[in-house]
């Protein structure tokens, strides 16, 4: 049932203003090109969901696409802060940004509950921390058998789940390998899904450690070689660590960021 | 940390009278040889846990090893009833058998909760059925966010989890492939674990679809070629469908069963 | 000229015809697996077969002998754990069609596969139990029930409710939070029953070739309703029969 | 003759020495990863490295640059999903040792990695947030905290409790249902703090070579307790330093 689309077609069709969207990929296979296409198409009022908002979310936030961020760790890994994120929270620039903050375990369980068709998940987490006081979506729950106090978090069911994978076949079956994070859960929890892939192949060859998403749970597949850059795609290319470093001064400065938006994101389009 | 033991040593050391034990394997990789060794060692008062109690549990029950069965589907697949199981329930022969009955989804979630260190799991299940009235370990639970009514089941944490796998290496890392059911959860949920394997190899070669259990979560490994017979071990041998057929008349008759115990189970020992 | 066929063959063919191409189908062993594999080889090559052992998209080249047959794992798009098959795939309602059978069914499509006679603690007959059925009945978008009709199996009152169809009637599924539509067809040797749109009571809507409404009524343990003029099911085609028999031959 | 070494090198070596051979260790990027890989190359070849990206038993031949570095997946015993790493592996308490750092720590080993100054809605400094830390702090059998001492980071009162050490003192962890032991050591550039057995208050028990109790007290934002005669940490050995520097060279 998955349709093979161009990236711009897929974003135009699947992502609407006001949607809650999740771009996932844990260090590996981050769907950056899809994020840039969302910026190019000028989407607004998005709720951005992601365990580890990093550069691509800093860019979406700086471009004014987001009204809310749901997350568990926000930073430029190994480099420092996300300055567009901070500017949005602290100065409402370019638009105000609401946040809903969790831990990794909480976010992972929220996706798993979403994928499972349950309204909530139970975990041992958050107890004794200051997070529950700031986040409505963390509540205590009691074990009906032992009386023990645990924590409940509501399911995440994004309007659109977007991930990047190494391969799809022509029917839209997807295969990814290496670190696969919460990508399966993101697609299964979402109402609609887009998988950008390094390449479309005639046949998927089973591989150790591979995660396969059958075509009938994927809405659309777009072939976007290099679509995870500056993150990496195991078997295709390495992480571009310099890009992460170079982002820091750009992100720090509104003007440099505006230039980046004008030149880099537009350049990418013409390169496609 | 896994120790490589002989099967009889492993059972002697790990399985005690009165323990709750789970032998898992979903059609594939059923740890039958381990079950027979438990019969040979004459364990008593066991709580036997298994989603699909089939021949090996019929044998353990008929041999008088069990006082309780926790299960979700009891039958000789494709053949018919488990007669030793019925004789125990209906006639307390050779000893009374208590039952705790669930659905597959409930049992799978109970193992998953056990593996997750949670006291219970939540699922959409059992509602409207007569099971909750017969089973103490099914309770309603309300979503703290939506108010929706769901079902809670308590975690399973067997004293001993026993599975069969294709391979282990000399450090006790285990690899299995094909249909792997709830075997990972069984080992992770159990206080102690035994993995019988077709062979111990110098090095595990990663395979598509393989599940790996690292040595530090396995208590003991025993090399038992053919240890899943009459079920099958993918890549090693096929299911012995005739054995399942032939079990029916043996299981139906107390005397034939007694003969089987005397001859077959003892014969197996001398064959090892 | 039509070839001779058995009532079981008609049931299997009827079940197979109910499977849309491209649908994802939760398959149990026996008739459902035969019907699904027949459909995949005839009108529904894109049917997605899912077995509760964790095989997604199995494409067996012979009939599997068990739900955990190696041929299923060998030919699947993906093999996943049993907790995952129930939690990520069945429970959220992403599977289109589930097959169920049982020892007893009632007029609202509720099913018993647990105990018959006596009471739960001391039954006359102890059946295998629930297995995956309660959650298949709850969560598949649609359920197909396949059972031979007889007054002992189509009963006025179940001895035990293992899996819920329409409960005590229309609206019960919603009240219980069951999100699938429930049993949309009961395929029997004598014909097909479908829930009445207003009451959800199973009603005879189609007859197998040669069967009559009276036969069907005699085979039900409650006063079976029937539509005014049940249609007659088309007999198995030559192709359906040939493929079905070829499939069955692989397991004999 | 001893080689010159930096305070950071001493911290890393101190952290590495705290890792028992055969232990399963939940590793974050940076100093913890360096320490764990140093330990694996010196006294603890059987150390099991677990990264929250889902790599169980990674054996990287160079220092990974991120917790999701490809070298971790390539060399792991098994790569699993992120929900699984938290639910099946961290939460049940099967991981022996977790490393944590932070912007602020208090006298009971509670940690802040969320906000500094102002309030939550309008902070002076917005930090990355929780990540895996709260559940690492809750569920690892033991926690090692590694942080440089300064009055800005070793504070009397946290601006935000992201991860719980001993809460407000002895007994709090049990009352909260946190099943790991909590922070057993805080490894700093000046020495090592350990919880007092009676009160769980962090107490200076060991000094880095050349450091003094007075220096440590000046670097803490609360009146730091110290045992009567803190032992002095052995300086890094030639081997430790050589291996450490070789490791660091792989990422420069």
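The chains carry the letters A, B, C and D, assigned in the order they are written, with residues numbered from 1 in each.
The rule is short, and it goes like this: a residue touches a chain if its C-beta (ideal position, glycine included) is under 8 Å from a C-beta of that chain, and two chains touch if they have at least 3 such contacts.
The structure displayed is predicted, hence computed values, not measured ones.
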item	value
Steps in the shortest chain-to-chain touch route ending at chain B and beginning at chain A	1
Result of counting contacting C-beta pairs for A-D and A-C, higher pair	A-D
Cα-centroid distance, chain B relative to chain D, in whole angstrom	40
CA centroid of chain C to CA centroid of chain D, Å	57
CA centroid of chain A to CA centroid of chain D, Å	28
For chain A, residues that touch 2 or more chains besides their own	117-118, 123-124, 148, 150, 184-185, 209, 211
Multi-partner residues of chain C (at least 2 other chains)	78, 87, 91, 139, 179
Each pair of chains that touches, named by its two labels	A-B, A-C, A-D, B-C, B-D
Residues of chain A touching chain B in the complex	117-124, 137, 139-141, 143-146, 148, 150, 152, 154, 206-210
Complex contacts: residues of chain D adjacent to chain B	22, 24, 48, 56-57, 77-78, 87-88, 91-94, 139, 179
Chain B - residues contacting chain C, complex	26-28, 51-52, 71-75, 77-78, 81, 85-86, 89-90, 101-105, 108-109, 111-112, 123-131, 134, 148-150, 178-182, 184-185, 209, 211, 232, 234, 238-239, 241
Chain C-facing residues of chain A, complex	1, 115-118, 173, 184-185, 188, 211-212, 214, 216-217
Complex interface listing, chain D residues touching chain A	29-30, 52-55, 65-70, 72-74, 78-79, 81-83, 86-87, 90-91, 114, 120, 122-123, 126, 128-135, 138-139, 160-164, 167, 172, 176-179
